[in-house]
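Got some structures for you, see below.
Look for chain A in each of the two complexes below; its partner is chain B in the first and chain C in the second.
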Partner chain A sequence: MRDRGRIITGLAVFVAVALAPVWQAALHGAARRPDPKIVTTAKQCVEPTAAMRRDHMELLNAWRDTVVRRGQRTYVAADGKTVTMSLTGTCMKCHPNKKEFCDACHNYLAVSPYCWECHIEPKEKS
Partner chain B sequence: MGQDRRGFLKLAGLAAVCATARESLTRLAGAAETEPRSSAKAPKVRWAMVVDPRRCLEQESCTACIDACDHAHNIPAFTNPRHEVKWIWKTRFDEAFPDQDSRYIDPALTSEPVLALCNHCDNPPCVRVCPTQATWKRDDGIVAMDWHRCIGCRYCMAACPYGSRSFNWEDPRPHIAHEDPDFPTRTKGVVEKCTFCDERIDRGELPACVVACKAKALVFGDLNDPDSEVRRLLRTRFALRRRAGLGTQPEVFYLV
Partner chain C sequence: MRVVWSFLLVVLLAAIAFFGAEAGGQALFGVVFPYVAMVVFLVGIAARVLSWARSTVPFRIPTTCGQQRSLPWIKPAPLDNPSTGRGAAARVLLEVLTFRSLFRNTRSELRPGGRFTFSPDKWLWAGALAFHYSFLVVFLRHYRFFAEPVPAVVGWIEGLDGFFQVGLPVVYLTDIVLVAALGFLLWRRLEDARLRYLSLHADYFPLALLLGIAVTGVLLRYFVRPDVVRVKELAIGLVGLHPAVPQGISPLVFAHIFLVTVLLAYFPFSKLVHMAGVFLSPTRNLANDNRMRRHVNPWNPAIVGHTYAEWEHEFHDKLKASGIPLDEE
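Let's look at the complex of A and B:
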């Protein structure tokens, strides 16, 4: 039993390292949720906010295919409202602050949609 | 009533031939190429263009149609001429009509450049070779582009006998003088060409080049409508099509 001291110190170090995420979070606070800024005066998005947050990439894909492959450019939302299906012309008219809005979430998630290689993003002060 | 092995094999061979013959026969007859989608319903409109080169030449060295197109579609102006991207452009008469014996045609016509653009062929070879259906023929006859699908393989460029397709060898963004946010640019590694302004046609407008031409040398309309301006012109005057002998059925007509 002469090694008791060493074993206990070793165990203590192991537990501290294994629980690093826990005490890191306690020290620095949990990772912050992204906070996308709304600048438009409009009350509502194309579809309800929860649906947009969850499915906006699906919606954009559907818009793309309907416009490009079927030549239809008007979208009828679930509530009967109609909008022109356009990434730059519609989404970015209400959300011109791409850096603080789209990118706020996307950077947090480490996704970088390649759409902007072609679609022209609104001019912003950096 | 016994069946020997030899008889059985003969029968099996005959059955195999019958099973595969139908497909190869229809393919030989050329019927296999018809797309199920287009046969679903008869097309109502068939867009086409009539070019009047004489009217065009009245406006000496005018480039209004080309400029309007370049602007509307954010077409880059690369400095390297071998990288040129063109949707509508001017070319030598004998290059536009290499199969035409032009020796005795009015030299006023043949010695001057003529406008060239995608012919929106009725039998487009580019569509046939595209592996991703990034280019396809719409029901109204427009040979459209889906830039989201283009993988830059350039098969379509090899297939097009008119040189109507251009490849982006470089990033086009720095070479666009005035970006128009209403139309996306393209990226390096993507093929592009004239789309008859499908984005304007979907909104009920005429192509940008047609609107820009003050001399009314470009006439756009529906070939399926006997009263349309294009049909009237084709009824009253003789028109050439570029390399019609290839069987691509070009739908851009040149009045002589």
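Let's look at the complex of A and C:
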């Protein structure tokens, strides 16, 4: 009976919190679509672009395990060409722009890969 | 049989969304249904809560699970038998956060030789706690799809959840706990013949639905790996009220979204509405102060009093004639 005010307050708080993403979208305006900047002239990455977009984390994980645990550094790609398994030597040679390439999508999706807990981040002017 | 039908229904729903999206119904499953479900969810919950708020509570009916406050030298149980509003609030909060009433769950069994025993049974409590908290973490983690920029808290939760850094994408502990806890809660209903007899579609369907959501989610994260940038564009478009369906999203994403949509729309009409109801359980949220304060039933008619003095005054002459002594004199 006399709790009605409190119940309705609680309900209003719940609805307001449930719509939190709507308020945030209204405050921050339209979100930008991430646009990873590719600076290399090479036509293709280690594997085709679609596969890289989807599976790059799995590939890097496999590379780390093969290099660190088995000491092998040669990777044979699906199309037969061989590459040296190295983040700084191979990946970062074509993509030295971590801030504009890696971080573009990772920040957008709140992904924080732990590559840079062991590897040294490339020096870039921000 | 009930459990089979519930699971078949969930599989059917997922299949409808999967093939429907593949056949070009992305806007329907990605935009129209989610909006409708969200409205049904919010309006439905509000209607339920308001209907509860309208019902009268003439008397305090808390369950008294401990010593009530009485004489100063008798130790009261302020949480199990609260006598103040603050105590009742703490009781509700503990119920919401730690499920104390499930903690008191007992199991009764007829032992060989005709002995009937009661024993504490913490498994339901443990399973429920594991499910609810992992589901909460999974729910909060999904905020990364709905906000740009993503709040830092979400990142901390993700970091803690993927603490062991197993594989890439990192395995989340809550994903394992969620599926395991749901599996256990389902097995619990199936294993005991008495519980199986008591379980209805309304019990199995939410479990099946949540399992469907969890399994499609796990598939999406670890195996199918759709283009999450586009998935986030879809989600951001929804919450920004500029819905747009980017091309090339895996149909399994729509199956996942559709099962969540069904969950939202089903929520206010099912037992799941205990999410709101737990705060409004009169046996938990009322203070046991019946003997300290006078609670007047609000729909009682006004009582017209007639005191002895008034009565004596009314029959003054007759009392006098009979020789009965009067207070007045």
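Please note the rule applied: the second predicted complex is superposed on the first by the 94 of 126 C-alpha atoms of A that agree within 3 Å, B and C clash if a C-alpha of one lies under 4 Å from a C-alpha of the other, contacts with A are read in each partner's own complex, and residues count from 1 in each chain.
In the analysis below, a contact is a pair of C-beta atoms (placed from the backbone, for glycine too) under 8 Å apart; a residue touches a chain by one contact, two chains touch by 3 or more.
Since the model is a prediction, treat every value here as computed from it, not as a measurement.
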item: Touching partner for A:Lys43 - first (chain B), second (chain C), both, neither; value: neither
item: Partner chain(s) touched by A:Gln72 [first = chain B, second = chain C, both, neither]; value: first
item: Comparing the two partners chain B and chain C, which touches a greater set of residues in chain A; value: C
item: First (chain B), second (chain C), both or neither touched by A:Asp3; value: second
item: Overlap of the chain B and chain C footprints on chain A, listed as residue numbers; value: none
item: Chain B residues within the chain A interface of the complex; value: 74, 138, 144, 146-148, 179-182, 184-187, 198, 201-203
item: Interface residues, chain C side, partner chain A - complex; value: 42, 45-46, 49-50, 52-54, 56-58, 143-150, 154-155, 158-159, 165, 167-169, 225, 227-229, 232-233, 236, 239-242, 276, 279-280, 298
item: Complex contact set, residues of chain A against chain B; value: 64, 68-69, 71-73, 88-89, 117-120, 122
item: Touch list for chain A against partner chain C, complex; value: 1, 3-4, 7-8, 10-11, 14-15, 18-22, 24-26, 28, 30-34, 53-55, 57-58, 60-61, 105, 107-110, 112-114
